[in-house]
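Same chain, two partners: chain A is paired with chain B first, then with chain C.
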Partner chain A sequence: MNTKKKNRWLSGLLTSEKYSSFTVSVLAIVLTLVTASVLLLIMGKNPARAFLCFLQGCGFAPKANYGGGSGMLSDLFDFLNYLAPMLLASLAFIVGFKAGLFNIGIAGQMLMSGFAATVIVGYNKSIPAGLAKPLVIIIGIIVGGLTGALIGYLKYKFNIHEVVSTIMVNYIISYTTGFFINNKYVDMLTRTSRVCSPASRLTWTGVQIGGVGCKVPLGIVIAIVMAFVVRFIFDKTAFGFELKAVGLNKNCAQYIGVGVGKSIVASMALSGVLAGLAGVTYYLGYSNTIIPKTLAGMGYDSIAVALLGNSSPVGSIFAAIIVTIFQQGANYMSSTIGVAKEIASLITGILLLYASCGGHMKELAAGILQKDLYREIEAKQASEGSGSGKEEKR
Partner chain B sequence: MEDYIVEMRHITKRFPGIIANDDVSIGIRKGEVYALLGENGAGKSTLMSMLFGMYEPDHGDILINGEKVVFHSSNDAAAHNIGMVHQHFKLVDNYTIAENIVLGMEPKTKIFGILPSVDMKKANRDISELSKRYGLEVNPTDLIENVPVSVRQRVEILKMLYRHAEIMIFDEPTAVLTPQEIEFLLDIIDGLRKDGKTIILITHKIEEIKKIADRCAILYRGKLVNVLDVKTTSVQDMANLMVGREVDFNPHKNEANFRGTVLTVDHMTVKNENKFDVVKDVSFTVRGGEIFAIAGVSGNGQTEIADAITGMMKIDSGTVKIEDRDITNLTIRERAQAGISYIPEDRQRTGTVMDFTLRDNLALREYYKEPFSKNGILNFDKFQSYAEELIERYDVRSGQGPKTIIRSMSGGNQQKAIVGREIEEHSKLIIFVQPTRGLDIGAIENIHKQILDERDRGAAILLISLELDEVMELADTIGVIYNGQLLKIAPASTMSSHDVGRYMMGVKEA
Partner chain C sequence: MTKVFTDGLSFAIPLLIMAVGAIYSEKSGVTNLAIEGFQGFGAFIGAFIAILLMPVLGNGSQAVIYIAMAAAAVGGGIYACIHALLCIKFKANQVISGVVVNILGVALTTFFTSAANTAINGTASNKFILGVSSRFSIPGLSAIPWVGGLFKNMYPFEIIIIVLVLFFWYLMYKTRFGMHLRACGENPQAVDAAGGKVNKTRWIAVIISGALSGIGGICFAYSILANYSPSIYMGYGYLAIAAMIFGNWNIGTTALVCLIFGFAKSGGYQLCIAMGLPSNYSDLFLMLPYILTMILLIFFSKKNHPPKAAGEPWDKGKR
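Moving on to the complex of A and B:
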């Protein structure tokens, strides 16, 4: 009886209209931690210690010792540096997703805008910081937006599914930019592109706060503002209302006179704009160079973030924090307890798995409640005798 | 204790929120035609789905030939010689008739004595024989996609016979047929009865029961109301029992008062995706205060006419005018604003966004206009008050009012919401396509009254329906469509339902 009660309590939370979006995600995280713990135990490591290391690596808990000029605060700023593009990338995914489009080309759109901004502004030493930074952001918006719009146009005009076209375009961007970097912009020592000028970078490096040198990111401000902008668009504007209608039922959207093709192009362009912003905050912020022919794994992690955040812009702020802790804290965890840092990607993968099972978990919970309800009705009928089966039908 | 071939005892089946069957007990004798009569949602189909093994009852027993059985799937039911013709046929379009019939129990042969394969020659031969024996003429090598609905139904019946079904369940078999085809089907059923088969007929059409059935069980809201001997019961009595109250067979229709021409369709041709002419050179006009009904068998181009007028499909040639304005090349929204409302055929795929709330669905025609939105920002207070108004005015019932997700509402109330939303535009032309499909008598009465009210208000009504009764009941003018062409346009008073049925079959002059 006791376990049954508990079941109902959990089921109630999972199905409740108000809390379900939150509780389903929390359950996914808890299940992920449990699964990850089992994996770590099999490897003979202490899971609690490993999780603490992830937090220490991100500046949420003090490490045993710090190198010269760094401290908890600098770790925290590094974390924010990584969080900014992660959040922007997941917002990019959400915008497409709400309009029924699965944009898995975020990594490519990030690379394209990052590359363009690096070449146009980053290598132009004469542009002062006050002009360079806004210029980088504008280039990110324009290049990302155009790349996204191209995908939308291909779908609208030639009915090419966005999953197919984004995968193809990802390759095209990756190899084209790789070709130019290797031929023109390569740093012979590191085999990556030459670093962009500090003036163009969206992160201020070497800022002294409390005696430690911090990298202060501009991107995180942009990212959080954009989260609220996206929320505003979908909750309050006629444009967002139309995009949602297109995403949920194209036929009906067409029937009420929404330009479905226009909406598809618009939502992919907006998704691209956000991916472009993610790109410039990643390649000219978190990092200052581009590894040729390599797509950022973040472009795919962002899908996990979006799903974990239940496709809600504000929810994804929290989801991005969770995923970033694993990704960014992996290095420290790996060097401290000696587990390959790929475990972070594994954990993100598990998280994605559980998060995408969210709908199923909700259904299971609803099923349990339904059965309980039947049992109650039956018990009631048995006690009242037959003939009380007049249920509301319509 | 009578000898029943099928007995269902104290069957109860629940679905979330409703009791589909509540302690229903029926017994069916061998060799009779047993009809199940009831409104939509009365529980007829659920009851038969349990007999066919698609659901398991929560309570109660099923007995076949006096023996208790438990069916976990329709295969179990088929093993007890039970067959079913579903309302929506379960056929593979790009297979031949014979292939469809033998699918799952193909006659086998071995090529060169080793390679196992299907003996299609034997299958074709068997099917020919079977179809001749029961008078169900089909050509075994025709592809399903090339044959009309009535033939597809014959294929379904042959499928049951091929599987040696003794107990045959027909779920609303006449819904898709013309009057002539219905008579032919009833003859077939009569023949099967003479052959000793037991027939269960699910329907809400009382005339058919009167013609063919021996006994009739009436279900009302999940409960068995009565089992009647058809010969000794009147049609009116059956109708009253089915609806649970007195039924008015003839709704009040005011004298027509025609005004100026609202819709003019002039030599319109529409092509489908495969560049095939689905509407061929169609011309007609609809006046204000007139109900122009297009009758026809499903798939003859009638929905395409509606889609072309509203802009959902491109017009290949010809023109469409609203009053004096040519709207042939306008967008969907421009046409709506020019004065067209449209209740589409498929309320779930086209008429609503199923995962939106009732409030948002009711605002679909208005959301972009002031005061619903200003400079692109939505005004949800207006959404809410508008929804409350429409819910009240059009009697839309739902669990949680405006914030109900429309998917969770009954079909009838979804349709009332759509009709309300479209009528509220006070358009010059209102197009209704299959407005009462799948609805029960109560909801049908409500929608019919709305249609007549709009006509009396002076709107031009274009009604496209597959239900001949509906056309005959409401129309002022009838156009009969066959194979994309309007074969006949005439005042409703000059045509009998039999005439219309003949034109629907493509017969030009009576």
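Moving on to the complex of A and C:
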């Protein structure tokens, strides 16, 4: 009886209009942690210790010892540095997703805008910091937006599935930029592109806060502002409403007078703008070089973030924090307890798997509730039936 | 020139088997963007079995390759169950499911490759070194000028795949099962009314899709890459999907498209060598198949007819 009650309580939470977007994500996280714990136990490691290490690596808990000049705060700022592009990338996915488009090419759009900004501003040492930083952001917006709009145009004009075209564009961008980096901008020692000038970088390095050196990211401010901007667009503007209408039902949207083609191009362009911002905060903020022919794994992690955040811009802030803890904390965890750091991607993948089952979980919960309801009604009818029977006998 | 044909064919044929896998899944009504993940995971299982068997059977043994191919097919098929479960049972969005399966596949295989390497030889490398399959030439045919390159220096797996493709072509277009499968993608309600089992057919189709993709993956590992590493995720799964779209979901035309892709790739590479450009420039030529795909898609995406019911979970009560 007790388990039944518990069941009903959980199902109620999962299906209730108010909480379901939140509880489904939490359930996905809990299931992921359980799966990851089982995996770690099989490998003979202590899961609790591993999860603590993830937190320690991100500056949420003190480490056993720190190197000279660094402390918990510097880890926390490193975490924010990584969180900024992650959040922007997931917002990029959300904008496309709301309009029914899957922007799988975020990694490519990031690389393109990061490369353009590095070459145009980052290598131009004469531009002062006050001008360089806004210029980097503007280039990110323009290049990312154009790349995104191209995908949207191909979809609208030629009916090319955006998943296939974004992947193709990803490889084309990756090879082209790789070619230019290898031939013109390579640092012979590290085999990556030469570092961009500190003036153009969106992160202030070596800032002393509380006696430890921190890298203070500008990107995190942009990212959080953008999260609320995206929320505003979708909740309060006609443009956002049109995008959502196209995402829900194209034919219906056309019928009520929404320009479907225009909306597709616009949503991909906006998605590209956000991906471009993610690109400049990643390549000219979190890092200051570009590894040729390598797409950032973040482009794919951001999909997990968006699905986990139930494709709500503000929800994805929390989802981004969780995924970033795993990605950013993996290095420290790997060096302390000796599990390969690729487990971070694995955990993200499992998270993604559970998050994508969210719809089914809701359905399942609704089914349980409905069955319960039927059982109750049947029981009531049965008791009423027997009651009336007795009366008749009398 | 003969080298263009030889290399082009050895690239086109594994691509073709993956595309046939994709066709099976989509024709049954399950949109399949998960080919990339299927081929990577299948190849991982195949390579893992090969690594275990190599010390037993001797390093140069070719038998390992055939066992690895079988293992890759099984592994790909098992992994495809995730996609089938999400799409058919859980009625999740099929595009999302495909992306999830791909991302999870990369993560799973990367992690377990380094974990397995740590367990077997104590080094945390993310590679299984496999070597390259032996080659053979068909006597007589390979002596023909120009076209002879098609029959020169062939990998044995090319023959196996051609036989498999013929078999699966027959299965799809000439048998009762194939008829049902195609009907499931066009009008599942009609199949149900005729007493067919829609979801069961779709399950089988997705599993076939995974198995064939796995074979394609391990063949790439044994030819172009000569090892198994995360670099197996080069987007060839997506190329196969593009070939399928361009080939209008038909096995015959898709085979032609795969050949074009193969020759474009090897032709570009040989052109780069013939023009005497430094190796840095090979990057530009490696892009050719992707650019070609985009151009072809621009011209052919509008005219083609995808299976009508693809992308929709089957709902018995729906009309």
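Note that in this section the second predicted complex is superposed on the first by the 385 of 394 C-alpha atoms of A that agree within 3 Å, B and C clash if a C-alpha of one lies under 4 Å from a C-alpha of the other, contacts with A are read in each partner's own complex, and residues count from 1 in each chain.
Here is the rule we use: a residue touches a chain if its C-beta (ideal position, glycine included) is under 8 Å from a C-beta of that chain, and two chains touch if they have at least 3 such contacts.
Everything quoted here is computed from the prediction, not taken from an experiment.
Of the two partner chains placed around the shared chain by superposition, chain B is the only one that A:Tyr255 touches, whereas chain C remains out of contact. Taking chain B and chain C in turn and counting the residues of chain A each one touches, the greater count comes from C. With both structures placed on the common chain, the touch criterion links A:Ile172 to chain C but leaves chain B unconnected.
After overlaying the two complexes on the shared chain, residue contacts for A:Glu342 are found with chain C alone; chain B is out of touch.
After overlaying the two complexes on the shared chain, residue contacts for A:Leu13 are found with neither chain B nor chain C. Applying the stated contact rule after C-alpha superposition, one finds that A:Gln370 touches chain B and leaves chain C untouched. Once chain A of one complex is fitted onto chain A of the other, the partner contacts of A:Leu33 are absent, as it touches neither chain B nor chain C. Contacts of A:Phe241 after superposition on the shared chain: chain B is touched, whereas chain C is not. Chain A contributes residues 43, 102, 104, 154, 158-161, 163-165, 167-172, 175-176, 178-179, 182-183, 293, 300, 303-304, 307, 340, 342-343, 345-346, 348-350, 352-353, 356-357, 359-360, 363 to its touches with chain C in the complex. By the touch criterion given at the top, residues 236-239, 241, 244-245, 248-249, 251-259, 370, 374, 377, 386, 389, 391-394 of chain A touch chain B in their complex. Within the complex formed with chain A, the chain B residues making contact are 12, 14, 16-19, 22-23, 41, 58, 221-223, 310, 312, 331-334, 336, 342, 344, 346, 349-356, 360, 364-365, 367-368, 373, 376-378, 397, 410, 412-413. Residues of chain C touching chain A in their complex: 33, 82, 86, 89-93, 95-100, 103-104, 106-108, 110-111, 114-115, 118, 124, 126, 235, 238, 241-242, 245, 280-281, 283-284, 286-287, 290-291, 293-294, 297-298, 301-302.
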